[in-house]
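Each of the two complexes below includes chain A, the first together with chain B, the second together with chain C.
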Partner chain A sequence: MSPITLAVVATLAPAATALLLLVLFPLRHRGMPAAWVTLLGSAISLAASCKLLVDRIGGAADERAVVPWIEERGRAMAEIGVQLDGVSLPMLVIVGVVALCVQLFSVAYMHDEPPRAFGRYFTLHALFLFSMNVVVVAPNLLQLFAGWELVGLTSYLLIGFYFAKPSAAQAAVKAFWMTKLADMGFLFGLLVLYVNTGSFEWTAPTSTVVATWVSALLFVAVVGKSAQFPLHIWLPDAMEGPTPVSALLHAATMVAAGVFLVVRADPLFAQAPATREVMLWIGAVTAVFAAGLALVQRDIKKVLAFSTCSQLGYMVAALGAGNAFAGFFHLGTHAFFKALLFLAAGSVIHAVHSNDLGDMGGLRKRLPITTAAFVIGALSLAGVPGFAGFFSKDLVLTALEGRGGGAPWVMLLAAAFLTAFYMGRVLIKAFWGELSQKAEHAHEGGLSMTGPLVVLMIPSFASGFLGGWLAGQVKAEYHLHLGLTPVLASVMAVAGLVAAVVVFGRGGQAPGARILEKLDAWSLVDRTWATAYRLGLLGVASIAGWIDRYVIDGLMNLTGWSAIEGGASARRLQTGLVRDYALLVVVGVVVLALMGVLR
Partner chain B sequence: MSHLLAITVAAPAIAAAVLLAIPATARTAIRVVSLVGATVSFLGSLQVAALYDRGQGGLQLLDSFPVVPSMGIYLKLAVDGWGVALLILTGVIIVTGVLASWSVGKRDKEFFLLLLVLVAGVFGVFVAQDLFVFFLFYEIAVLPMYLLIGIWGSSHQVPAGGPFKFVWKRFEVGSKEYAAMKLTLMLLVGSAAILVAMFLLWGHSGARTFDLQVLEGTKFPIHIQHLVFPLVWLGFGSLAGVFPFHTWSPDGHASAPTAVSMLHAGVLMKLGAFGVLRIGMVLVPDAAQWWAPIVGAVAVINVLYGALCAASQKDLKYIVAYSSVSHMGVVMLGVATVNAAGWNGAVYQMVAHGIMTGLFFALVGLVYERAHTRAIAKMGGFAHVMPVVAGFFTLACLSSLGLPGTAGFVAEFMVFAGAAKGASAWWAIPGVLGAFVTAVYVLRACKAIFWGPAPQGEYAQLQDVQRTEWAAPLVLGSLLVVFGFWPRLLLDFIDVASQGYLTRLPALALAQLGAP
Partner chain C sequence: MTLSLCILLASALLAIGAYGVATRKEAVPLLLSVELMANAANILFASFGHFRGGPAGQIFVLFALAITVAEVAVGLALVMLIYRRHGDTALDLASEARQ
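Showing the complex of A and B:
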């Protein structure tokens, strides 16, 4: 098969799965068969992606194929197709591997759901993989936008999977609205690009002014999708969805689409230093802010959710520093270890039936594989030397050296310490110490749960060594050097873990946790948005509704009313009495006569 | 077939005539005859699409009968690319509409009869190539609505208030009689404006003819054009829901029975926009280009203001009705761009919105029939008992907010791109904002109706979609996705027409300036 055909198969196999399950609803309603069909579709997609990657390692060239999609005056105004290069192919495989692992994990994790819900869950997974692949292989920004919105849709439907629960329903619409609000930036960016270049290509030659506008507008969408300050508030709420969904969409792949977009549109961003400056700061602020909040969460998923915000901040900061490769590399390693952490957390939740860290403790005695998975994930996330996260985080930090007066670099180093610290906290609280009451009867799930954990452990540890190869794919420079930054980063990681053992080993509290909790910076941002929604949108809406009913329509009614009332008044002239008419005739004659005389 | 267009237009009218001969007690026969009439038209419109040569473009499948030759009135039927797309839309909506009204209880013979007459008028407008006949068909399409709402509609109360509170003494605001009367009167005032414009064109055409092709080739004096365009814009615009003449729409659509709302919002409102495009933009292009910024500005009010009004509603039908006001604003915005992207988008949005709102009203009708309420506050958790309705409703919501992969996205995107490229690029901003507000109100409604804990008490046993009720969701829902992923199915037709009409515009505008 030609590379293009393979890419089309990789993209459309999950779409075919989703369509099949939508149309053949008896299959979907049976539950388990739906899972097998979905797994098959994902496996075909992954196999095709792997074949493409292997061919590329064997020296295959970039490929691109497009067909007209929307036309105007007989020419294609917009095209859809596939683009295979050093950015899309590694991403395709990363997405495929994580998706397949998560789906397999879900078979056991979602086992207790009623068959219909189970089938719906897997249908949505197939739809998600299709949408994500549309983003990854996109040859232009318009197709990327289409896929971008579709992953937003699946995210909405999967967060709201437990739709009977009001909190899940609220979280789903909130996620959709926040990202949709930001996506207006994407749409405006597309329009500006189209008006100025006549196309939706990120390689279209353009001026600095246009590039700045377009990149800034696109970045607004990135802030929404990749949960950066101040549009990050939807991500922790998104944890209302099933845990495997959080692993796939809200940690490894979908939220990273924002970073992927910037990597893709690098030619545009490279022309816009002003946009990059903003990205640098927003990334750094988010990294520290979210890391601090991760420290005080009681819910294990919320810790990981804030951690995702924080790590996405690293990526955005790297992009802002002008090193797209560093951001992309961290995206790749993060996808593996964060998916691993979330699935391990899912395994824990499945075992103790609670999200609360207080209900956990000593789990290492009951869940050895899960513990191993979580430890590897945590060490990688913390950036302990040798683990995948170390290499990519180091690259990000190196890229930041000397940027923005050095402050972002210091902030990210501080965040590195905090990361190790909060992950140490979770490790100690959940897996070490006394066996908690709820953990008494905990046991590992079946092979379909432990299998994906074991598979993901490998890249979570080892994918860091692929940095040089990946850099070659995207023609970036990469060499590991022993400078100040890697040493400091390692020190921060180890220091954070040691500090966690010292502080939490004896059941202590994080220093400053009180202040962080009291400050409640979180709900401050959240409440600001809620107020903006209620007053700004619903308030204005109800004013508009009132005006329409009582003023605009009132005027229409007034017109009708005037006609009726006017008619009723005029009717009085028709009294039906002969003497009245006779009087009028006389008056008329007199008036006419007078007019004649006066003339 | 040489008389393909005539057959397509006449089939519903013939079915209506047959209904006259059928006793009112033969309930099944009435429905079958109506369905046959509708289906013949639908198949006819598909055949039109199959026969239409996209490479050649222009008017095709010409068919002509003399009516009043002395006044230059001919029943001249032919179809352009826009017409093809809109014929298909009309065919789809009437077939699904008939199936959705299968359970009409009261005076069903008269109901189907009026429905068929109405739709014959709609088909006629899209293919009429004689202004007089165009107008005749337009009136045939508009007038049955008075009876359809007045007899089969439903009433509710609107509390008195506001600066014009005293009118409540005269009108029962919110009742079906009020809604039917308001709709008819407002549209008739529009018709009066159109009639004046029509005779102005006839009188100044030189040839004393209503033939659209002749009128298209005529260069009207600029002062006549400036008289005609606003008359056409506001005359047809009242049916397209142009602000501030949209207020018949929320009350009318809320009071109308299911199939009538489907047809009215789905197809009839398009007649208005089609009129502005086909008569206003094409026949008086110089004035049209002068007026276009104003048309666009008002359209933008429609988009944003309509969306905000929708966000404030608590009655499900009103939400959908206001969303039509907002989405028809997108159509008018596309019309006002006077470029190919915008016009393609406008016609595509007519189809996309027609299908989407048809689906909305069909589903709302289903919910209303079962739950006997339209108040959103009383609903909740319906997805537990009617998952199919919930699924399709969500799909309609997604098309409404312009999600890629649905027809709504393709249409809105083309309109916004056309607007951004047009003379007033800022139009695109409120347009996109309107799409965001739409996301807020449709998903809020969706959550309130379908999500949440399983319903208790009287709503615990609500039935999901049954038998003929499947037709509308299944057909309209799939079309939204098909047209979303594969826009060229329709765009190939639409684009060739936009191209054809646009190529003539600059020539006329230049001639006005005295250029060679």
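Showing the complex of A and C:
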């Protein structure tokens, strides 16, 4: 098969699965068969992606195939198709591997759901994988936007999977609103780009002013999708969804789409140094801010949620520093180890029946495989030398050296320390120490839960060594050097872990935890947005409602009222008295006669 | 006897009829007034026919008289019905047409 056919198969296999399950609803309602169909679709997609990647390693060239999509005056205004190169192919495989692992994990994790809900869950997963693949293979910004919105919709449906639970429904709506608000930027960015260049290509030639506008507008969408400060507030709430959903959405795919967009549109961003400066600072602030909040979360999933915000901050900062490859590399390694961490957390939650770190403790005695998975994920996330996260984080930090007066670099180093510190806290609280009461009867899930954990452990540890190869794929430069930054990053990682052992090993509190807890409980950003939502959206809605009720409806009522009133007054002409009619006849005759005479 | 005298007579009759239609409240005088107006028209037909020569005017008057008689028959029948219904021939009582 040609590479294009393979790419189309990889993209459309999950779509076919979703369509099949949507149409054949008896199959969906049966539950387990729907899961097998979805797994089959994802496996086909992954196999096609792997074949493409293997061919590429074997020396296959970049491929691009498009067909006209929207026609305007006989000319194709936009095209739809696939673009296969060093960015999309590794990303396709990453997305495919994580999605398949998550789906396999879900078979055991969601086992207690009623068959109908189980079937719906897997249908949504298939739809989500399709949406994400549309984003990844997109040959231009417009197709990427279409996939982007599909991802937004399916993530809304997956976060709100337990829609009968009010908090889950609210979280889904919040995620949808926040990302949609940001997506306005994408839409306007596309408009500005098209008006000025007449195309949606990544490389559309344009002036600095236009590039700055377009990239700034696109970055608004990235801030929303990749949960950057100050639009990050939807991500912690989105933990209301099932844990495997968090592993998929908040590790490898949905939130990564924002970073992926910037990597793709890098030629555009390269022309806009002002936007990059903003990205650098927003990324750095998010990395530190979210890492601080991760330190005081009691919910194991929320720790990971804030950690995701923080790591995405690293990627955005790297992109802001002009090193798209560093951001992309960190995106890849993060996808593996964060998916692993979320799935391990899911395994813990499945065993303990609680999200609360206080209910956990000593789990390493009951859940050896999960513990191994979590430890590897945590070490990788912390950036301990040798693990995947170390290489990519080092690259990000190196890219930031000397940028923005050095402050972002310092902030990210501090965030690296905090990362190791909060992951150490989770490790100690959940897996070490005394066996808690709830953990007494904990046991590992079946093979479909431990299998994906074991599979993901490998790239979580080893994918860092692929940096040089990946750099070759996207024609970026990559050197491993022993400078100040890698040494400092390693010291920070180890120091954070040691500090965690010292502080939490004896059940202590982190210094400054009180302030952070207050900050977390106060949730100023959240409140600001809630107020803006009430004043802005609900205010506009009530004004629109008033206009509808009194102006639009008023016009309707006026029409009816004037017909009724006009009829009532015209009715008085008809007296029913014969003499009046006779008189009118006479008057009419006289008038006619006068007209005849005067003419 | 000139044409203008005839037209003057017809106009006077029409005016008297119109006055009657406008002022009378009883059904029968009102019908009579209508007849006066119709006859004013007939006189015009006859006199124009006479002064211009030829029989057309006179013949037309005969037709008009026949139609007027039929019309009066219908009018009287209506008056009868109004009388039966209201016990009077005052037309102001009969305002059912409004409903």
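Please note the rule applied: the second predicted complex is superposed on the first by the 543 of 599 C-alpha atoms of A that agree within 3 Å, B and C clash if a C-alpha of one lies under 4 Å from a C-alpha of the other, contacts with A are read in each partner's own complex, and residues count from 1 in each chain.
As a convention for this text, contacts are C-beta pairs under 8 Å (C-beta built on N, C-alpha and C of every residue); 3 or more make two chains touch, one makes a residue touch a chain.
Only a predicted model underlies this, so the values are computations on that prediction, with no experimental measurement involved.
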First (chain B), second (chain C), both or neither touched by A:G567: neither
Partner chain in contact with A:G596 - chain B first, chain C second, else both or neither: neither
Which superposed partner A:P26 touches (first chain B, second chain C, both, neither): neither
First (chain B), second (chain C), both or neither touched by A:E71: first
First (chain B), second (chain C), both or neither touched by A:G58: neither
Touched partner set for A:G405, first chain B, second chain C, both or neither: neither
Partner chain(s) touched by A:V586 [first = chain B, second = chain C, both, neither]: second
Touch count on chain A, higher of chain B and chain C: B
Overlapping contact positions on chain A, where the chain C interface meets the chain B interface: none
Residue ranges of chain A touching chain B (in the complex, touch as defined): 68-74, 77-78, 116, 145-147, 149-150, 153, 156, 160, 163-164, 166, 169-170, 172-173, 176-177, 180-181, 184, 187-188, 191-192, 194-195, 537-538, 540-546, 548-558, 560-561, 564-565
Contacting residues of chain A [partner chain C, same complex]: 574-579, 582-583, 585-586, 589-590
In the complex with chain A, residue positions of chain B that touch it: 158, 161-164, 166-167, 170-171, 173, 182, 185-186, 243-244, 247-248, 250-251, 305, 308-313, 340-341, 344, 381, 383-384, 387, 398, 401, 403-405, 409-410, 413-414, 416-417, 420-421, 425, 428-429, 432-433, 435-437, 439-441, 443-444, 447, 450-454, 487-488, 491-492, 495-496, 498-499, 502
List of chain C residues in touch with chain A within their complex: 18, 21-22, 24-25, 27, 30, 34, 91-92, 94-99
